[in-house]
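Once you've had a glance at the structure underneath, I'll fire off some questions.
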Amino acid sequence: MPASVDERIKAESFATRLMKRPELGAIGGVVLVTIFFLITASPAMFTLPGIVNFLTPAAQLGLLGIAAAMLMIGGEFDLSIGSMVAFAGMIFGVLVVNMDLPLALAIPMTMALAAAMGALNGFIVLRTGLPSFIVTLAFLFILRGASLVGLKIFTNGSTQLRGVREAVQGDWLAPLFAGDAFGGVFRWMAEMGWISKLRSGAPSVPGVPIEILWFIGFALLATYILLRTPWGNWIFATGGDKNAAQNSGVPVRRVKIALFMLTACAAALVAIITVIDSGSTDARRGFMKEFEAIITAVIGGCLLTGGYGSAIGAFFGAIIFGMVTIGLTYTTFDQDWFQVFLGGMLLLAVVFNNAIRKRVTGER
Amino acid sequence: QNIVVVAHGQAADPFWSVVKNGAAKAGEDTGATVDFRSPETFDMVQMAQLIDAAVNQQPDGLVVSIPDADALGPSIQRAVDAGIPVISMNSGGDVAHDLGVILHVGQSEFDAGKRAGERLAEMGGKKGICVNHEVGNVSLDQRCAGFAEGFGNPVNVIPTQMDPAEVQSKVRAALEADESIDTVLTLGAAMVGEPAVDAVEALGATDTIRVASFDLSAGFLQDVADGKAAFAIDQQQYLQGYLPVSFLALNANYGLMPAGDVPSGPNLVETDAAAKVIDLSAQGIR
Amino acid sequence: MSDPIIHMDSIKKHFGNVIALNGVTFDVRPGECHCLLGDNGAGKSTFIKTMSGVHKPTEGSINFEGKPLSFNSPRDAMEAGIATVFQDLAMIPLMSVTRNFFMGREPTKGRGPFKRFDLEAANQITMDEMRKMGINLRAPDQAVGTLSGGERQTVAIARAVYFGAKVLILDEPTSALGVRQTSNVLATIARVRSQGVGVVFISHNVRHALAVGDRFTVLNRGQTLGTAKKGEIDASELQDLMAGGQELAKLEGSLGGTV
Amino acid sequence: MSDPIIHMDSIKKHFGNVIALNGVTFDVRPGECHCLLGDNGAGKSTFIKTMSGVHKPTEGSINFEGKPLSFNSPRDAMEAGIATVFQDLAMIPLMSVTRNFFMGREPTKGRGPFKRFDLEAANQITMDEMRKMGINLRAPDQAVGTLSGGERQTVAIARAVYFGAKVLILDEPTSALGVRQTSNVLATIARVRSQGVGVVFISHNVRHALAVGDRFTVLNRGQTLGTAKKGEIDASELQDLMAGGQELAKLEGSLGGTV
Amino acid sequence: MPASVDERIKAESFATRLMKRPELGAIGGVVLVTIFFLITASPAMFTLPGIVNFLTPAAQLGLLGIAAAMLMIGGEFDLSIGSMVAFAGMIFGVLVVNMDLPLALAIPMTMALAAAMGALNGFIVLRTGLPSFIVTLAFLFILRGASLVGLKIFTNGSTQLRGVREAVQGDWLAPLFAGDAFGGVFRWMAEMGWISKLRSGAPSVPGVPIEILWFIGFALLATYILLRTPWGNWIFATGGDKNAAQNSGVPVRRVKIALFMLTACAAALVAIITVIDSGSTDARRGFMKEFEAIITAVIGGCLLTGGYGSAIGAFFGAIIFGMVTIGLTYTTFDQDWFQVFLGGMLLLAVVFNNAIRKRVTGER
């Protein structure tokens, strides 16, 4: 609420005020994409298994996208997150398979290594004053190459490391990072006939994939940090104008390093989740994910120049991207046209959500 | 009927576009609708999700390639549990039956690489390079590994991007840097094989350096026919698209299904055979 | 008089091949307003940026409360008790007024992991402080980029005054201000000075400088021309000094003497 | 008196839910200097941006030389003969002084495909024009971002004056200027006015306004408070109007009357 | 020369003044990379054939990189250039092979279509106010998909269109876009024994690949435009601060549209050269080139935020990138380490050239 009423302000409705928040702009795109697929796609897409199906990749991408959004708000890029997914996956796989460590050790070690690499990225960016684009690009190659070399060493020449599922079987930490949550609830719902069953009698949706919970939790946490803590203020300030922030006493260097560590850790988290989930890792994991993470952030309204954006925007951006990529398989369009559709839908969704926001806020 | 094909290679990949053409032709011939799906890059996590999406639509049949049984296994298992008949193709012959897949149409990448290696060694090769345009793509890595084993002599892997100019320069660089190399194996005919032949030609060493390639392309076959390249390794991937779809269509209509796996390759296309397949290759059938 | 809070001795500052400061000596005592005057490009802003930790001097020494000191960042200087209004204001256009006001020094509530930015209190303080300066903001969450030039400047001043502890540095604070706001700022300077804060005040307006200044130091082309006490110098002498002794353009109207 | 060059009638301008201008009428005649005064946030900058084609008015009409007109871009306005010094100066920090000076209106030499930016001539003109304003630049290829605040403002003014044709709009041109530069700018205004150019001059300094102004229009909270001719009004009346009739803070020293 | 001598300026040497130019900064990187390979690589790399060998891909990349640099200076990105290479290649191939048009018609038509697509990109960016990153990203997908669909239609199902070399054989325009220039000179030099001969008696280098000439010519032209014409000034101004430029009378919209058209045309030029050269085109041409073009521009000193950079920088950036990617094949390092080296060398080259520039200009 404005603290003073002023004759130079026109009244605006609650809805207008709501839509003005950058966090909510991306909803327009989600609505549009949903309508599109409601019309064109097989109805299976919007059944419970269908929704879980497209939310899973959205969640994995979203974890990266939200971290990338925070870093972008802070004025930097991290092109190495895709490679970091492969690298952290390789490290994690080696720790649990070759070294036989329990998750309680392997996960913190993987995270710590990722954070260290992130900090190194940040340190080089700050120390040399080079754009983060080029520094993290170098790490894109280095980490990708290191994953390949590492895998070959630890598997005696293969580029694929297998047997993770067996190695973590029964570990008490595994349910936090793999599989489905609320399995009991879903079995009960299947018994009640609320969700369909497979022939084997198992419910068609065994539960909420754990990454969806991580995704929602991370989006909420990131939003809270950005909007309601001093750190959030520092992130916006750092990205908005580094000099002005520094001159006003914001610890710019600490903020940047922390953000690089955050994106690296987000990549490591995605690596751990997908490696446990698929039971294997290979040298091409996370390929191009850095790119998709940035797309997600931009769909969600982040400016490439920094200082503006939101985590909830990236959340919806990831959902849009997930819906479009998976959704096309529910339609009968020829796969050859896939990329044309993907591009067209992305453009439409973004134009639409932008147009809504402009109309509502009266910007020109 | 409705049959879904989920493959690990993209529709734009020359190799996979032939598979897709085969599947589409089978659909035409049997009257089934065929949806061909693949992830944007070699991405096992996304491929598993695409299989899940296919299962949700309860198709009458599912065709998958299985380059990573660990990652795709649970999703394929779900399809089997949901009562969908599944046929695997291209890769995964070794694990297919454990997952409940009915049969497999294809060739082991490793074995194909080994055959190529043996043949090239027979032709007198002493030192080779394997040009890999997508390092980390497990099926390509296996081709190189098989080659190294069958060849029995030293083999270096040269990683490249998917850019003909770069491939040509790199092959040339590798040959200039080590003059004892006399054998070049590439893993894709159009993207890598043709530039490799150009590189050898530019060095004026067509007669001393043998080039062979996986898969077919009209241009590369022409080179084979002209004697500039040794042979192309054909796994008749058109069959990998055509057969599973028609088997599944027959299965849906009449409950018919062959009893055993179908090996679609390897099949080495050498000089005399090359000329005949050029036209078919230009139409995306070979 | 009491000891200086901060004493800068023979400060030199080079940017690449540009010599911006060529040996400037300056000090501020508690409870005094020391005016820094000089032509455009004389080096005033560069000098106070050195004082507030933005630049490191190429040569020269800084004494803070008697001890030699070198600030590594503006944050260090702030923590030592130096608050600055920069000429370029150091504001982020895309952020709201409140967020700019408290940037780097956010008030929090709650404790432990629930410690969070107390936005309500911050909004309240911002509106109040701005009102004291004569600006009635429409809303504290308006982006600074949409404020008028003077409104923006007022935010920067209000912020520095609010957080000011031992030394308050103001680089041309009144340049974009209206009549009312200017008189408020000058009154504010007089007030904080009487509370024992040392004020460094940069201005091109002789009348403003004479109104609140106790001492006057004039810079010219990176060097000190000299320091005068209040009462030792009158408006037109000061004016001449500031213009670097060069002749002023002849003007019609009421503009004979002081611009 | 001659007909106005530009006449703006009942201009309104809204930004989203903010009402910045609420019906302002204003005109400029050739050879006069019309001062636009008012408190911070009154809407002065918004108004002159409407005049120079940056904003489109939400309501109201613009007449240029008797014909109704609407500028689609600042370039249109420029081509019609309106030169503006914006309050934020409209300069590119990373570019050199010369390149900023001629931005959008580069002098060329050669012909056909060999027509090229005549950098030597441009450098020469820039240095000359800056010297006329009282600034000796070190080098014309210095980046504007490294200039001092006043030097930067001088570049913007020199540019507008150099290209000025029929109307010259100056939004607080002297705010960051030193004594010498200010007197140069005021003298320049007097000079171009005598050449028949219409000048719109925004300032918070009553003395500057009275020195060169022929008419004075005061804005307050987006509306016109009234227009006065030179001689009809004295400094302290004008001062009161500009402050919106509100009381000024009481100050010690010589600052009793005019700030 | 500064017009006035001022006591507040320290003297600086001619070398210092030279190194200050952003155009020349990237030379440091080239020198470093050259020294590295002189030590580690087989001497074949720096023979005449070796140099031509790594300059050819560098030239193709450089044509894109210089255009991308100009667009980046103007404050925008074009992620669709890689796909445009495929799309324009497809169009060009269809025109010469299927429609049997002479080059004198096919080339202008291809260029015109590419320019139209570029203008469309620019128009959407300006009209919607969306970041060009997301708009051109959509076109990345759309054009890539369209190339695939188009190729399949025109070849009856294959993804490769052949026969271009035969179709353009003997066309009087072909030598401008394909093959090697100065063949006579090189044959003569081989006769004189100045360059080595192949066993067949042909010189080991048949001439200067035509793309290298285009590359050098384009670099010079772009530099001239950027530094010596009003358009160049407008590009810098537009990228430096769009509002300020607009307010100063720069035709910002025209500049941006023109730049988008330029990048699209550069992509079409590369497409034409490579298609004629390889005699065929396929749906994967230009894959990831948008990315490499941006890398090239950034290595060359362009800022991602716009308003700063140089064409000569991008020129050297492309050479660095080309040398590093091809050069490692000349070394005896295990090629599994390729990406690690690529990343490491990139980082080193950029850090080095940055350090030199800073030391020389005294920036901090």
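A, B, C, D and E label the chains in the order they appear, each numbered from 1.
Keep in mind that, in the parts below, contacts are C-beta pairs under 8 Å (C-beta built on N, C-alpha and C of every residue); 3 or more make two chains touch, one makes a residue touch a chain.
Just so we're on the same page, UniProt names per chain: A, E = Xylose transport system permease protein XylH; C, D = Sugar ABC transporter ATP-binding protein.
Remember, predicted model here, so these are calculated numbers, not experimental data.
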Path length in steps (a step moves to a chain that is touched) from subunit C to subunit E: 1
Chain-chain pair with the highest tally of contacting C-beta pairs: C-D
Whole-Å gap separating subunit A and subunit B, where each centre is the average of the chain's CA atoms: 33
Centroid distance [mean C-alpha coordinates] between subunit D and subunit A, Å: 49
Approximate Å spacing (C-alpha centroids) for the pair subunit A, subunit C: 44
CA centroid of subunit B to CA centroid of subunit C, Å: 71
Residues of subunit D touching at least two other chains: 15, 18, 88, 138
Residue numbers of subunit A (touch at least two other chains): 8-9, 144, 148, 336, 338
Of all residues in subunit B, the ones touching two or more other chains: 11, 135
Full enumeration of touching chain pairs: A-B, A-C, A-D, A-E, B-E, C-D, C-E, D-E
Touching residues (chain side subunit B, partner subunit E) in the complex: 11-14, 17, 21, 135, 156-159, 161-166, 168-170, 172-174, 176-178, 190-191, 194-195, 198, 202-205, 217-219, 281-285
Subunit D residues touching subunit A - in the complex, by the definition given at the top: 14-20, 22, 221-222
Sites on subunit A touched by subunit D in the complex: 7-12, 16, 361-363
Subunit D - residues contacting subunit E, complex: 52, 54, 73-75, 78-79, 84, 86, 88-95, 99-100, 102-106, 108, 115-117, 119, 123-124, 127, 136-141
Subunit C contact footprint on subunit A (complex, rising order): 2-4, 6, 8-9, 224, 228-230, 232-234, 236-237, 240-241, 243-251, 307-308
